[in-house]
Amino acid sequence: MRFLSDNTASASTEIVDAIIAVNRGLEPAYGDDPWSKRLDQAFAAYFATEVRVFTVATGTAANSLALATVTPPYGAIFAHAEAHVVRDECSAPEFFSGGARIIVLPGAQAKVTVDALARALESNPATVHTVQPAALTLTQATECGTVYRIHEIAALAHLAHQHGLAVHMDGARFANAVATLGCHPADTTWRAGIDVLSFGATKNGALGAEAIVFFDLQRVADFELRRKRSGQLLSKSRYAAAQLLAYIESGLWRRNAERANALALRIGAAAADRLQNPVEANEVFMRLADEEKSALRAAGFEFYDWGAERSGQARFVVSWDQPDEDVSALCAALSRIVKAVNLR
Amino acid sequence: MRFLSDNTASASTEIVDAIIAVNRGLEPAYGDDPWSKRLDQAFAAYFATEVRVFTVATGTAANSLALATVTPPYGAIFAHAEAHVVRDECSAPEFFSGGARIIVLPGAQAKVTVDALARALESNPATVHTVQPAALTLTQATECGTVYRIHEIAALAHLAHQHGLAVHMDGARFANAVATLGCHPADTTWRAGIDVLSFGATKNGALGAEAIVFFDLQRVADFELRRKRSGQLLSKSRYAAAQLLAYIESGLWRRNAERANALALRIGAAAADRLQNPVEANEVFMRLADEEKSALRAAGFEFYDWGAERSGQARFVVSWDQPDEDVSALCAALSRIVKAVNLR
Amino acid sequence: MRFLSDNTASASTEIVDAIIAVNRGLEPAYGDDPWSKRLDQAFAAYFATEVRVFTVATGTAANSLALATVTPPYGAIFAHAEAHVVRDECSAPEFFSGGARIIVLPGAQAKVTVDALARALESNPATVHTVQPAALTLTQATECGTVYRIHEIAALAHLAHQHGLAVHMDGARFANAVATLGCHPADTTWRAGIDVLSFGATKNGALGAEAIVFFDLQRVADFELRRKRSGQLLSKSRYAAAQLLAYIESGLWRRNAERANALALRIGAAAADRLQNPVEANEVFMRLADEEKSALRAAGFEFYDWGAERSGQARFVVSWDQPDEDVSALCAALSRIVKAVNLR
Amino acid sequence: MRFLSDNTASASTEIVDAIIAVNRGLEPAYGDDPWSKRLDQAFAAYFATEVRVFTVATGTAANSLALATVTPPYGAIFAHAEAHVVRDECSAPEFFSGGARIIVLPGAQAKVTVDALARALESNPATVHTVQPAALTLTQATECGTVYRIHEIAALAHLAHQHGLAVHMDGARFANAVATLGCHPADTTWRAGIDVLSFGATKNGALGAEAIVFFDLQRVADFELRRKRSGQLLSKSRYAAAQLLAYIESGLWRRNAERANALALRIGAAAADRLQNPVEANEVFMRLADEEKSALRAAGFEFYDWGAERSGQARFVVSWDQPDEDVSALCAALSRIVKAVNLR
């Protein structure tokens, strides 16, 4: 039973059907097909504002291209120390930007705080000898399965904008966050000050479809050339576009996210004493002793150790298509195996 | 009727079926799924030699990552002036390699010749002041719809290797070339001296699946890190793997290529007096007067002008799924519209 | 007797004296010393217009930083095939620009022509798939010792500007060119449409001092950060500034250039039948048979073979401090050794 | 009276004399002059081991080129958070390396500790998703004016080498550190495990001369091409070489460092209660109240505030040519102005 990552999930039926539906005849390539051309409009409806939308192949590409578009090669990008761009993208932001610097920020539950950002801005003044503060990136939901509240984003974006920074959101699990907040997608993005969003669909039911959504239309500028030269302009663009349209227009994004979030809450409830972070999306982080981990693995559960080796955390990710019985089995196993000991 | 590009083609039924077949349950991500893990073996069988195979999202990425793996940032890449890496990839090779130089070579029918390469090597000596010759890239089939003969590749690779260059093949239309040559895939690649191949499936029936095939296993080295940091490591890797497996194992690659090639030959026969290049793959280049182009377009045919504006060429690309009636209509229109005048 | 390069020259007395004059006491670093702060004003007087001037360590850095400032990473730079940025800077333009492409142009005597530029612009249209034409670079005097006439530069700059290109001049031998033209430094730069100039002093009498002069002040933008991050912001900036001030304000630039040019003309006259190019600066290119080269070398003359190996050219560069007797000896040897045979 | 930086210093008489001594006649360029060719041998004698030595224009270039030579573009460089490469080089390491990541380490007095490095290595494992640990850089003397003991360097280098990292030393103030340690230059470099050194002479009496010293000769590999393409290969190389030879062979390096260190100790003694760090080189960091700073500045002393704005530190740097009376005046002023209050 796999709780390794929502990247292990399959694609939803709605997605496969959408692919099949557009799979006939000769259609213009490189974004000139009718479905790609409808993306701006469809996402404008989804976000209730004018946007520019571009598909790319991966979330790493989405993050790095978005950041490279708003950050000069001598710029600084502020990010939480646990962010995917910091931990899991093998210097992709540096590559795409031509050598920008990521400055990492501390913060509980993988959240950047206004205070941490303010301190970082103060200790990174812009002179000719230093990297130039250029962007703030926030992950929603975070790498620790928590969710920024709307007012938290607004406060961070406000401070960032005061200092001339662009604000990017890594929305690899955007749907999970919106489902938890119960808000409109606009509320946690442009209405709160987000300039550009990495909109992830792959983890939450697509076959392979990521998008970059620009709310600040001035920032698009040279984006398309950067996308092309990084090998991220898909030739048969209709298939990615069809996925994204089905994802946002059928409500699939919300259905899948709500299901995964609900299952994660069940697991969280079964390990309440051991939760490292509140369960606010589709991930559960808990403190487990080595023997407890071994017992769970012996019982057939796959999951990742998390954090520095001695921290003893385990991460369980619930996919949109996680079988109910996997979750029930995990809850039962946790009740059985995990002793009621406070490991903090 | 679209003859714009084989990127306008749809995906073959075999490909869609393969995607559906793997679309169940939770499977490891990032290349650890069973289908991705079988790629090396399947391509070893296809090429009759040990290989390392890696999927990427686009042909531009395949070319640039392959070249960046064998070229230092101060290296020189020799390429035909008409090559896709030169004309149509928006400086992707420079981006991925960290600033390597492409040195363009002349040559009829978009083919590099031994003589042109020898002259270029002679006039680009390696000193501390110069770019260091590092790679030769050949396009098979070429951007002009012609196909290198096996002995031509062997002679070029021999000269390149004598000078320490790696030899890359851009195989965006590899299947079309092999179908024309009637050879084993090995004959036009490693047996002729190719070190690394961009293996394209997208144009020829896949939904979206490109691969880099390393024949020189020593060259893989740091490839995987370069792929990751360029956002080309697909998370749900099973879908690309499934496409590639179906493509090479079902014979689809050859069937689709043979059909497109045959249709192209029919068009070529209908415009025999006007052919700019021999028809050796699925592309037909012909000289047309402006009024002839206008008449064809008025009759509903879509195609690109080619070459410098005043050269008067037109490019017709036949897709694997081009309707027979499109081709028949085009042949009839050419007979009707194109006057028997030698435009050369 | 060395005729290898004007990089073999020593520094003029005026330059050493200027260094000694500023070598006392503690002075602000990184361009805040009084001499560095006077550069803009001094060069404004020299060029009779407002400019921004920045020192760098080498001519390669000057060229590449200037080009990187006006060219995006996906941009194209048009340059003559013989230009120093093409032949002798080991992909520095690509490095500094983050992967821009140099597109080489043909042209007799190492000069770009309006026709060649026009054809290159036509065959390099700007689409999302292509590099974006961004800059034209001209070398004055050229790598073949010839000099662009003012109207030639003006016509090239006019065409370039019509297409939105910035125009850069590599002035490693700028003084030699101005001395030959007998014009005001403004005439061959901003008045003819040059936007940014690499102003070389090192070859012509400085100890080590190069500058970038921006005539288009809008183009400076992010230059200073690019200079810093490439390790080209000199800490003890007073010494470079003192050299440049002495060079332009004492008339040294013209005196040294006139002397070298005059000596080159003497050599040219002694080999009039064999001149490959007219002698218009301090370099003489002549066609010599192998046995003639050997005889000259046996007689103690050092010089470089030039061009592709079989072309049989020899390059003689006259330095500002070349002893008169070296030149007399060379003229005598040429008369003696070189047979009156037309080798073209 | 300037205590801003040792970059404000002039050049020693020995240095100017050495420049004048080589300033005659035509000499080969680009490192082929007799003085440049003697550098390897002279530094081998200085360091008592075989080395390769290369001159560059600035300390930033020395650091970044050295690091780029030992770090792939997807590599990680571990550095103290206060290091010059982190704080004062405007992302030069990222630029030269093609996008490597700097991972900052904490540590009192700007020193990396074995414990901090061990923790960083543990929390930065090398997978295909992460930057690959590649280099450790140590600053000797540190940015806080402290000096690593030989055993500290040895322990850090040992740990780094165990993990496959190269070890670089930023020796912008190398002479000051060796003078304080009273050791042989070998002791704090290759004998302690340093693989490559940025050897600074500019701050300590040269006019402008920095070198990169490779102790691990295997690491040189592609260095010379990287130097060339970054515009750091000086054409008139004799002048930098002459400075370096005079600097190490005349004992100037030690004389100048000892004088500056001794003066710094005098200042340290005058502010003993307020020292932020022990005075171990030519820099004095002290805690001063705002009104104390104002009073010192009103009395004519120039110095930088240091650290985050509210930390209240002041940095006084003593140059090799600092007038004795400046130091005496500063000591007197400190005694008069600074109240005996513990500000920690």
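Here are a few things to note about the model shown:
All chains are identified by letter, namely A, B, C and D, in their written order; residue positions are counted from 1 within each chain.
Definition applied: contacts are C-beta pairs under 8 Å (C-beta built on N, C-alpha and C of every residue); 3 or more make two chains touch, one makes a residue touch a chain.
None of the values given here were measured: they were computed from a predicted structure.
If you compare B-D with B-C, the chain pair joined by more contacting C-beta pairs is B-C. Seen from the Cα centre of chain D, the chain whose own Cα centre is farthest off is B. The centroid of the Cα atoms in chain B and the matching centroid in chain D are 51 Å apart. The centroid of the Cα atoms in chain C and the matching centroid in chain D are 34 Å apart. Each chain gets a centre from the mean of its Cα atoms; for chain B and chain C, those two points are 41 Å apart. Counting only residues that touch two or more partner chains, chain A has 30, 73-74, 89-91, 94-95, 98-99, 128-129, 225, 228-229, 233.
Of all the residues in chain D, the ones that touch chain B in their complex are 30, 72-74, 98-99, 128-129, 132, 222, 224-226, 228-229, 233. Every residue of chain C that touches chain D in the complex is listed here, in rising order: 2, 4-5, 7-11, 16, 19-20, 23-30, 56-62, 64-65, 89-92, 94-96, 202-203, 207-208, 225, 228-236, 239-240, 319, 321-322. The touching residues of chain C, when paired with chain B in their complex, are 73-75, 87-91, 94-95, 97-102, 119, 122-123, 128-131, 308-309.
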